[in-house]
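Several structures are given next for inspection.
Presented sequentially are two complexes of chain A, the first with chain B as partner and the second with chain C.
Showing the complex of A and B:
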């Protein structure tokens, strides 16, 4: 029997009720770290609790072979919220870009190759033979970047206004207040399929093919489906290293952003606790009152921010008994069908020719034909692994001097679309591996012979590492559906003091931190109002 | 419990379990459809049936209403979430009225909850809401089964209700406590119900026994069947809104949703009762009704739904339902009024444009009295008071 007076006994944390805390942030991923840093910086006594043994969530460094460290989660930065960088001073806390504005080389099924400048406004610099295509592309990119910039606030996610449809209302307001030419364009872009828009703008098949690939990359919406063009606007609304629509590689990989966020939170005096799983969120009346830890202890606080997936936050920690039924409908309506996969490959040898060396400093994309892409989506939806998939590849060892290896290269690959699988068996993993390697062979013939080690990472691996539900890491549906979901999870709970910034609150894929920032800002507004 | 509006476009109405029995009593042979079930509008005459309810015992086939048996360890919590009825506080045998609200705090439907045992409840709704109920039950230890077509339901209203029940052999049943037992060899549940604000008892028994039970009650008692048209008069006298007629349930196409307060039913969704679906949204809307459903007595022999209601010479609302009340000797109406309209004396437009407007006055009904008492009580703490004195 344990002695209740013995403070060293296991019983002590179970009985402990900690007070004097202003805010608890659940989830130590990028959004949780960002949210806690904002709260701590504003002077709130903040505790960040993460279930895993380490802080950082799914983006983490891991040894993929003896002496070689790979980065799980994201391999490029495309949509990191610039406000988070400046407000949390992330450059001071260690974020540094090894490569900004990565050029992209697109490879096509027929052997064709096109290069895009990393600065999309300079798209005309690419190696197109036909001047009319170049002009059409320049005009198109101008339109798209302007529209994407206009819609950027709507892509930040998070309603927090109390109403489930606040995102839609914000969008309606934006459309209504837009200049006539922009409003007409918005109307067209909002509802159109990517295929329709691109067919109307380009005669060139390759331009259409590469833009369709960019549109549907990491999205569950196929390019021929309604609202799919919004995915491209979402992609180009993001910013990396100060440039809209660009892709950048940070020194040390994406995990360096996590490290900087952690240092920012430390600097803001956030009490960070890893290996501290939360059992439930305390609701008293209509207010949040803190959290109950898995060991039975309690952290009492008037603000709780959940930076974990919605199934855990709402279904398990809050429980259906005090949730609005409509929110439950939204959470259970979507069935995940499509996912992306990461593969990190160690290649023997070094590049022999100049062209290859240059390409290794770029982002390489294999863009299947529109027909093959549609078929890939259909196959993946039906639960089959497509024969060919889109591939985005970079060489961290070439981009980042600090990551360079002796006579070896690391190639980091993101592949899409693949069937979503909660628990893939060995056969499924092998099929995915083959599809990815075959697709890379399409633009790098003979590359398979140089493979020393390959490390396949599927969504269930990421979910297991972060202690999240697998569905949270499935590819996101079209942007309109994401808006509805984000509005529901951030606006509908209406539990005072509770804010949500898990993956469902983010519009689109990628490391953004915008949801964490929005949740923290909303909490601070209410906190300051209450303090006045 | 109130019937929803009739549905005129049902292709093939289904007979209720009591249909064969009640059809044999129908002299008028005037039928309609509710929720896809056949329902009698009139059996003999509206005035006779109305009189029976007022002085004897009226028997209503309640088969068209939707019924769910809700069973499980969390049945009370589930019903407390799904409806505003205080299911958790009900003792075995007790019933309570409530509302089903959507997340935004708007009324989806009326509801009535009866506790039959510790973990078994009967949920009665004007219309089926299977999907909403299934969604609400996810993640909770509860099972909700639609038993609408499997049981016969007979409502008994009027001062001689207890006499009819006693004559039928259900001596343990009274108008305040639900009970289940064996009525002449047939498993029967009885529970107190309210039609509008008029108390009564509902007998529920297996559909196979519908004719037997009906025969026994008719043979022994002074009861006579009552149709929808007479029930409509009783409803309007009680001031109870009818879904689909006085308000469009939230979620239906073209619905202009209403909060409980806007329907004069704030007393069915008290904000200090604990959590129910839509409560948090309702907190933000409390005390700010955009519209108000009000009861009027119109000094005329007839009026029409849709007629404009004028206050201070300006249109302020529209009649949603009305009927001649033999007790009041006037037309009783419910009207959807502007939220800021606070007068007592109004005028109603006549169906003949050349005729003068009809004088009308606010009417205090059982439902509005409940709302007033509730508002008086809440007024001190929540500022929800509705001013009935003007």
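Showing the complex of A and C:
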């Protein structure tokens, strides 16, 4: 027992109050790093505090077997905000792509295979047997890429204090002045189910199957539910290595983006403190005044940006007393049902032939039939592990020369949809493991025999590593629900000087940093106005 | 029938007739396509008719009286039936009497659902309807967090809202069953909350003609005739877009040009193979030898049979997977002439077997009818012994390509509890948009 009156306790910063800080950013994940770099770059004295022993959050390098490093969290770059890359100079700070515009090979249940060019505008040039399919795909990709690009500002999220951000105003203006064709398209797509849109375009072929898979990958919205088509627009609004809708593999994996962000923050003179958990956010009157650290010290600052999950930020650090009812309802109404899982597999042997070697430099996707996909969603939602799941696999060791191993390969897999578990037991982990391996066997028969090590990573593992609540890493619901949540967490607290860019502020899955940028920019706008 | 029309309304249910009559009364040229095989038989209860529809159609000039159904009742597997009534007070009192902990919340709930349901509706009103207000509303939606929250709730799940208000499982199951059964939706899927708010709208309370009174359908047919709607029963074989018009060719070489093809309900669209085709409606008419005692002794009510709340999503999932679910929710009611009409919308549009989709067969109909009979027998012991004859009606997409598959100007009213008012409102909007 420690005596609260014992002034000689180990507590180093114990009741110390630190002033002269312009901004505190809580949470050292990608969005926290990006937000702090923006603030630091603008000349604000910024302190970044992370609870864990390391900076970086859920995207991190970890030894998955002796001498083999795996990357947790994300394995591809698909939606990284291009503004963040250019404004924070991430290429200068070390982001480099080992492979850009990865082609995708789709494998189907019936043994069919289809390859998509990494440049989706080229996808329509595919060697399809059926002319009408090719024309349909060309028209569809044109429509979808254009609509997705048009909606891009809407996927950045963030309302900030009720006053629409300039981005949102721009979007509103754009939508209001949309040419009739775009307006008609928006109207058709916004509330539609993916099933409906794709059925009308492609009947029953493989194209429908693969686009359904792309649409519902990493989303909790089943493809037969309203608004599910928006998930595809969200995905294709993203950019990787300068190409819309593409996927890229950075040298060193996704963690290299985190490293670059950290260097950018360092370059911007951000004071980064790992192992510094925050206990609460100080609020005085209607504005934020800083944070109270777990050890009792205080950092006083007029700007606080929370880049942690909403349950921690609002539920614990701010406290329900200050929140409006709308926000409380949004936070408590969420029920996570579906999650994705990661698996990193070390395989013995090397590719024997050129075709295999080429395939290993692509993104491989197993796309279950529309029926199997619907069933997988229903099973997962009912809390069962589906028999077959979608799988996205890449081979970092083949894509990235620097990661190559001797006579072994690392296969990185993301699987979806799986039931969401706060604390899965061993049976559940085993069931998920075999569902993933079975699904991979569907397109790589016999591969199980070559497994040397496998490393299954569920959302609760990610959450434990990042010190976040597990629900924050569940798959996100349909885009409309995400907009509502993002707008509630970024807009309704109405606490001056407080901004939020945790996982709930991001629309869609993937490493984006758009929320961090949006929060920092909103803070800077207000800060500059105050300084004038 | 030949010539040029503003609308071809397809369907012979009450919403289609009302929409056709309303458009004709607004001086649109309207053709009405009915199947014509509808025999003279008792109709199930229909949605209420809002005041504005009475006025639009001058229904006061016709000999029409309608009576509200007495109650909405759910027969769960265990425990007493759960009932709600048209009057919020009566419902709250009845809940209190049954010891439901939620009786105090009922009136607040109804009030809040009315507010939520009255929120501007952002969903597009029809398919491919140019210039509809969806896009502007969307822009406004994105810039206002309060609107967004409301829209997200309205387009969220029914279970989400009910969990938020009520602790009584039986009441939640009852409300989900009645709100969702008609559209065949699941209570945990996105968008089902809207069906709940619509169900609680007073205009959604169902009505039927009193014994010996004129049937609503017959009156609406008369209104259509008086308003100059041209009716045909010929089968359309082809529809081709032609500028602002669609050329429709019927069996026997009749040809018309229409601006809009209008379906007032998803069921009538489904029969022609257009619109949402994820599930089928199945109706069974049980002609009885003698009188069967209605549950609660109330043969004016509308009954739902479910075992418990989990049945609803399970049955929806089964239908989407192309399977019959033997726990499917079944709605039934007694008609004046000794019939029980039972229906369920939780049937697959087609069956998925051995990796293939196949159409309905006679055996499937029998299997579905027998599940429904079993469900009713389980709540009314000995019911099966009173059955003299069974007739089935299926509304599933036909096999083959729809004649309307490739023409753009098809408007389909999504499922609505207040289907008549909604159809009239929708066709009015289209008429106004044409001017």
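Here are some notes:
Throughout what follows, the second predicted complex is superposed on the first by the 505 of 532 C-alpha atoms of A that agree within 3 Å, B and C clash if a C-alpha of one lies under 4 Å from a C-alpha of the other, contacts with A are read in each partner's own complex, and residues count from 1 in each chain.
By our rule, a residue touches a chain if its C-beta (ideal position, glycine included) is under 8 Å from a C-beta of that chain, and two chains touch if they have at least 3 such contacts.
Only a predicted model underlies this, so the values are computations on that prediction, with no experimental measurement involved.
In the superposed model, A:251 makes contact with neither chain B nor chain C. Contacts of A:320 after superposition on the shared chain: chain B is touched, whereas chain C is not. By the touch criterion defined above, A:329 reaches both chain B and chain C. Looking at the superposed arrangement, the partner reaching more residues of chain A, out of chain B and chain C, is C.
When the two structures are aligned on the shared chain, A:491 is found in touch with chain C, with no touch to chain B. Put simply, chain A uses residues 162, 164, 326, 329, 492 to touch chain B in one complex and chain C in the other. Every residue of chain C that touches chain A in the complex is listed here, in rising order: 122-124, 127-128, 130-132, 134-136, 138-140, 142-143, 145-146, 148-149, 151-153, 155-156, 160, 164, 188-191, 276, 278, 317, 320-322, 352, 355. Residues 74, 77, 81-82, 102-104, 132, 135-136, 138-140, 275, 277-281, 283-284 of chain B touch chain A in their complex. Listed in rising order, the residues of chain A touching chain C in the complex are 154, 159, 162, 164, 168-169, 171-172, 175-176, 178, 180, 183-184, 186-188, 190-191, 195-196, 221-222, 224-228, 326, 329-330, 333, 335, 369, 371, 374-375, 378, 381-382, 477-478, 480-481, 483-485, 487-488, 491-492.
Within the complex formed with chain B, the chain A residues making contact are 162-164, 286, 315, 319-322, 324-329, 332, 492, 494-495.
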